[in-house]
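The data blocks that follow each hold one structure.
Shared between the two complexes below is chain A, which has chain B as its partner in the first and chain C in the second.
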Partner chain A sequence: MTNHFNDIRHSKLLFFIGSNAAEAHPVAMQYILYAKEVNNAPVIVVDPRFTKLAAKATDYVRIRPGTDTAFLMGLINQLIQNDWYDKEFVRTRVAGFEELKKEASHYTPEVVEDITGVPAKEVVRIAKLLADNRPGTVIWCMGITQHHIGSSNTRACCILQLMLGNMGKSGGGTNIFRGHDNVQGATDMCVLSHSLPGYYGLSDKAWKHWCKVWGVDYEWIKSRFYNKKYMNKPGFTLARWYQGVIQEDKITQYTPIKAVVFWGISSQSISQYHKVKKAFEQLDLVVVIDPFFNTTAAMCEKDNVYVLPSTSQYETEGSVTSSCRQAQWRYKVVNPVYDSKTDYEIMEEFVKRFGFADKFYKNIKKIPEDITREIANGCLTIGLCGWLPERIKKHTDNWHTFDIDTLQAKGGPCDGEYYGLPWPCWTEDHPGTPILYDISKPVAKGGLPFRARFGTEYTYPDGRKENLLAAEGVANPGSEIMGGYPEFPGWKTDKNVIKEAIKRGMAPFGNARARCYCWNFPDPVPKHREPLHSPRPDLIKKYPTYPDKPDHYRVYTRYKSEQKPELAKEFPIVLITGRVVEHMGGGDETRSNKYLAELMPEVYAEINPRLANDYGLRDGEMVWIESPEGGRIKIKVKVTERVDDKTIFIPYSFSGMFMGRSMLSNYPQGFEPYAIGEPANIVTNYGYDIKTQIQGTKECLCRIKKA
Partner chain B sequence: MAARKIISRKAPSGRKFTLNPKVARRSFMKIAAAVTALTGLALSGRLTKEAEAKAKKSPYSQSKIVRTICTYCSVGCGIYAEVENDVWVRQEIAQDHPVSRGGHCCKGAGAIDMVNSEKRLKYPLKRQNGRWVKISWEQAMDEICSKLLDIRKKYGPDAVHWNGSAKVSTEMAYLQRKLAAFWGTNNIDHQARI
Partner chain C sequence: MAMKFICDTERCIACYGCVVACKEGHHLPIGVNRRRVVIVNEGKPGEKSISIACMHCSDAPCMAVCPTKCIYKREDGIVLHDKTKCIGCGYCLMACPFGAPQFPKSGPFGARGVMDKCTFCAGGPAPTFSEQEKQLYGQNRIAEGKVPLCAGMCSTKALLAGDSEVISEIYTQRVAKRGAANL
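Here is the complex of A and B:
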């Protein structure tokens, strides 16, 4: 999130696309409803499904799954064509406008209607609403990201806000409501196969930086790898690691995967889940570490699995980063119950036995505080230098002293600081940055320009040259240079450079323009591409997907060869998945809570009355849903108008059933969850984002049969 | 004091073992009755009344309140956890938390069950001949690590894939990434990917 939940109080318009905050982020609703009622802000909800959030909308737009970029580009085109865009903002802080304009011009209201199903008039009306009610916030979740063009979707959202001049402003911003409690923190730490902590990537420079922080010899770390190439090569992802085992698609590493460790994570969140189960059967070793006996363990039907009880996070402590980049200290409530161990203790058991404890814990004596300090020493890129454990604790201890409107402390021990020191928190006395890219405040007081990450000038394919730095006169108050400037050399590895920049009123990472044309993406300007499994075969030729990618996170990933127009004949119904408020993620925790299990005890498929009647299905009857990949699940029909007559929705937090079979006998007695059901991901399809490899679970095809 | 001793019982492994607070309270009453019978001492009527009034106000007279953060979604709601003798006995909404402002969804309202659910996994398990066998931590870690090291030796460090977590602290997530680096692989990922 560029802004924060509380800041939505200042929004004059709320534009949700692929987010169902009412179920996924219920406590954020107070700010959404505040803006709606107090500011009279239009609440636009763009979603294939009439969600609980849509029920609170002033304007609901039903869109065909997988066509978000087309819709967003249609809006952008309207803003440009009608001169409704923020010309001054574009002139001073945006790059690649000409290229954007050219690409966007394709998406006329009529073209958008054909692709998305949204009436042409609606496209114009929504664009006008956006233009007339500024600043507005754009909010999205996995409805935008889980597509094979997910990265284009997200960029189109950002470009929309750039055109409206809504970036870096209170009430504006691009606000991605993230899922899990610490998914922001874990992302910042880059528990990711393509980067070291702090988004440093995997370059030699990145490794050398981190070796220095860890206090270990770079050559030693290098010697731990198969060879140097594999140090710099992104690894398998959560979405496709199992292909390293079953190898249906060719893998590009020297060995198959032989062992997997699932540490605080569900496996049933992975699409084509029946193939994941196949991998469990072929592995030599599966290690599950979790507070509950989870689905992964129950899916392993070979003697190759160990299950270790970790504590819940209430039996340990540490910092946790909320969606708005705020750190809070999650204090320990009680000591570990039963014979469970904290994650830190389990880590120590591993590291000790692997024989590198002295190196691993070189700077870490007191856990977790010394780890927080090591992070602050290493993660300069996102300005975690100011996140000292005592500061984070001080904020949590004094949470009552912060203003709910600005999140700034009014007096007290944290006076003037923003709650949770939202990153970048550049120095040990920086107050945090509550709103990213806000040039109305000095950098030392939480202001920030756009980052200069891609050089100072670029030549577009047509020969046009553009300065990538912000225009003359545009900078944070107190900046030594009143205008664009490049990044400070060495700021990512030297805290003194950061301090020097702040002292001079400048951002360490420079002051640039935000790019609408990203030459390092397959589609420099976002463009529509039909879902791999498209219900509109007639559009595939016009909007085809990408060529296949032979080495995409170590595995061949099909695009063009997977996009077959004839598929829709056999699998005519669109399938989407999503959340219910009662459950979380894979649901192993919430379905082990008897109250939540009682509130939402079983999985179901939402089917439109027309579709149900055509198939002779009555509410409450059982239906088989089948995927093109051979997954099938048997679930209850919920006849409802929430979905249209081409689309089925299934909540994804269930497990314990597998393609019609109960897996309960695989649980040790007494450890079964209170509620079980078929995992929706057994029927989600093949398809991965071209850049990030996120799975495309919001653009699937299926067929149904009465059970 | 009697209650503290009884509730904080040691499990056979030497680790702390937490009883259901309700059971603990019942045990406390039983023991209190036994103590009275044995010593022949009884509390005076006035004292009993006062104690009862206090108990009505709060059944957990020795409790302390801990500020903590909900473990479900990324809104980061505040929770006031009430703890007595190392048992999480009650939770209260945090009216004064600047973001949640007393709000909770049905999941957060049941945060206490993350600790107290009887479905919690209680000890390490290993699948043997199709059955789950309870094993010690020592045995579990020895076997797992020797298998991992064997695989590493035989196939190379990239033969292991690590899936870390968005549900642990930032410090722990950091250690997970660091562990993969020290193990010698980039085969590590977590929920944020999807």
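Here is the complex of A and C:
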């Protein structure tokens, strides 16, 4: 999130696309409804499904799944064509406008109507609403990201806000609500296969930086790898790791995967889940570390699984990072119950047995405070240098002293600081940055320009040269240079450089323009590409997907060879998945709560009355849903107009059934969840983002058969 | 003074936080819903939701029909009942316009068990904070000076609970702001 939840109270318009905040983020709704009521802000909800959030919208736009970029580019085109865009903002802080304008011009209201199903008049009307109500916020979630063009979708959202001049402003910004508490923290720690903590990547320079922070010898770390090549090569992702086991797609690694550890995550959130199950059967070892005997443990039917009981968040402590980049100290409420251990203890037991405890705990004597300190010491890129455990605790202990509107403390021990020191919190006395890219404040007081990450000048394919730094006169108050400037050399690895920059009133990472044209992306300007499994074969030729990617996070990933126009004949119905408010993620925890299970006891497929009648289905009947990949689930029909007559929706938080078979006998007696059902991800399809490899679970095809 | 609930349907998002807070806080059995969320026009434009429990009526019809006179009204307007006197006849349920009274069991001869309903988190006629009060009626938060669990949990502040004059003032202010913004 560039802004914070509380800041939504200042929005003059709320634009949701691919977000069902009323079910996924109910607590955030108080700020959303405040803006709607007090600011009379239009609430625009763009979604294939009339969600509980749509029920609170002033303007609901039903869109065909997988066509968000086309819709957003249509809005951008309207802003440009009608001169509704913020010309001064574009002139001073944006790069690649000409290239954007050219690409966007394709997306006329009529073209957008054909692709998305949104009436042409609506495209113009929504663009006008956006232009007339500034600053507005743009909010999205998995409905935008979980597509094979997810990275284009997210960029189109950002570009929309650039055109409206809504970036770096209170009430504006691009605000992506994270799905759990501390997802942002996990992301910042880069619990991912392509980067070291703090988004440093996997280059030698990044490894050397972290080795210095950890106080270990780089050569020793290097010796731990099979060979040096794999030190710099992104690993498998959560979406496709199981291909490293079953190898239906060719892998680019010296060995198949032999063991997997599931530490606090639901495996049933992975698409094509029946193939994940196949991997469980082939693995030598599966380790499940979780407070619950969960689905993963129950799915392993070979004698290859170990279950280690970990504590809940209430039985341990440490810092967590909110969706708005704020840190908070989570104190322990009770001591661990039964024979569960904290994650710290489990990690320690492993490390000791692996025999490198001396290196692992070099800087860590007191847990968890010293871990927080080590993070602050290493994550310069996102400015965690000021996140000392003492400061985070001080904020948590004094949260009543902070203002609900601005997040700033008025008096008291944290006077002038922003709650949770939203990163970047550059130094040990920096107040935090509540709104990113806000040039109205000095950098030392929480202001920031756009980052200069891609050089100072670029030559576009047509020969046009553009200065990538911000225009003359545009900088934070007190900046030594009143205009654009490049990054300070060495700021990512040397805290003194950061301090020096702040002293000069400047951002360590420079002051540049935000790019509409990203030459390092497959589509430099976002463009529509039909979903791999498209219900509109006629559009595939015009908007084809990418060529296949042979080594995409170590596995061959099909694009063009997977996009077959004839598929829609056999699998004519669009399938999307999402949340229900009663259950969380894979649901292992919430489905084991009797009250939540009572409220939402079983899984269902939402089917429009027209589609139900065409298939002769009645409310409450059972139906088989089948995917092109051979997944099938038996599930109850819920007849509702939430979805249109081409689309069905299934909540993804269930498990306990597997392709018609009960898995309950695999749970130890008394540990079965109360609410059981088929995991929706058994029928989600092949399809992964070209950049991040996130699974495309919001653009699938399926067929239905009466059970 | 009269203690009341108001549910602001412009704010209620049907998250069921109130329902779960109530059940968890009072350790209610499955099937007993002191509070429920009702959704109308589900999945269509005009969808609205409202959280409903005993409304602690000023002129409570349940009191009028109870044959054992076990239902009574406190001075602060909270309607409570004496479970040791209730015979589970179900007249109160028929009289109640909101379907608030709950019955924990039913059998082949319609034996319902003793009635249970929202206490406004004010316990019951048993001695305040006694084990008996807790067992029969759940927590007594009003005696602790706290708002009912449901309203305390409500994430959008749709559900307001308290002195009717105070909460109606909050609601009026809210509606006035909405009106002003629409001018």
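Before moving on, here are some points about what is shown:
Quick note on the criterion: the second predicted complex is superposed on the first by the 707 of 707 C-alpha atoms of A that agree within 3 Å, B and C clash if a C-alpha of one lies under 4 Å from a C-alpha of the other, contacts with A are read in each partner's own complex, and residues count from 1 in each chain.
The rule is short, and it goes like this: contacts are C-beta pairs under 8 Å (C-beta built on N, C-alpha and C of every residue); 3 or more make two chains touch, one makes a residue touch a chain.
Here the structure is a predicted model, which is why all the values come from computation and not from measurement.
A simple residue count on chain A separates chain B from chain C, and the partner touching more is B. When both complexes are overlaid on chain A, the residue A:Glu598 reaches chain C alone and has no touch with chain B. Once the two complexes are laid over each other on the shared chain, residue contacts for A:Gln30 go to chain B and to chain C alike. Touch criterion met: A:Val581 reaches chain B and chain C at once. Judged by the touch definition given at the top, the superposed model places A:Thr640 against chain C, while chain B stays out of reach.
Within the superposed three-chain model, A:Ile371 lies in touch with chain B and out of touch with chain C [touch as defined at top]. When the two complexes are overlaid on their common chain A, residue A:His430 makes contact with neither chain B nor chain C.
When both complexes are overlaid on chain A, the residue A:Arg62 reaches neither chain B nor chain C.
In the superposed pair of complexes, A:Phe177 makes contact with chain B only, with no contact to chain C. On chain A, the surface patch touched by chain B in one complex and by chain C in the other comprises residues 26-27, 30, 581-582, 594-596, 599. Of all the residues in chain B, the ones that touch chain A in their complex are 11, 13, 15-18, 66-78, 81, 83, 86-88, 94, 96-101, 103-108, 110-111, 113-115, 117-130, 132, 137, 140-149, 151, 155-179, 181-194.
Those residues of chain A lying in contact with chain C across their complex are 22-23, 26-27, 29-30, 33, 37-40, 50, 52-56, 60, 581-582, 594-596, 598-599, 606, 640-642. Those residues of chain C lying in contact with chain A across their complex are 10-11, 13-17, 19-20, 23-24, 30-31, 42-45, 47-49, 155-157, 174, 177-178, 181-182.
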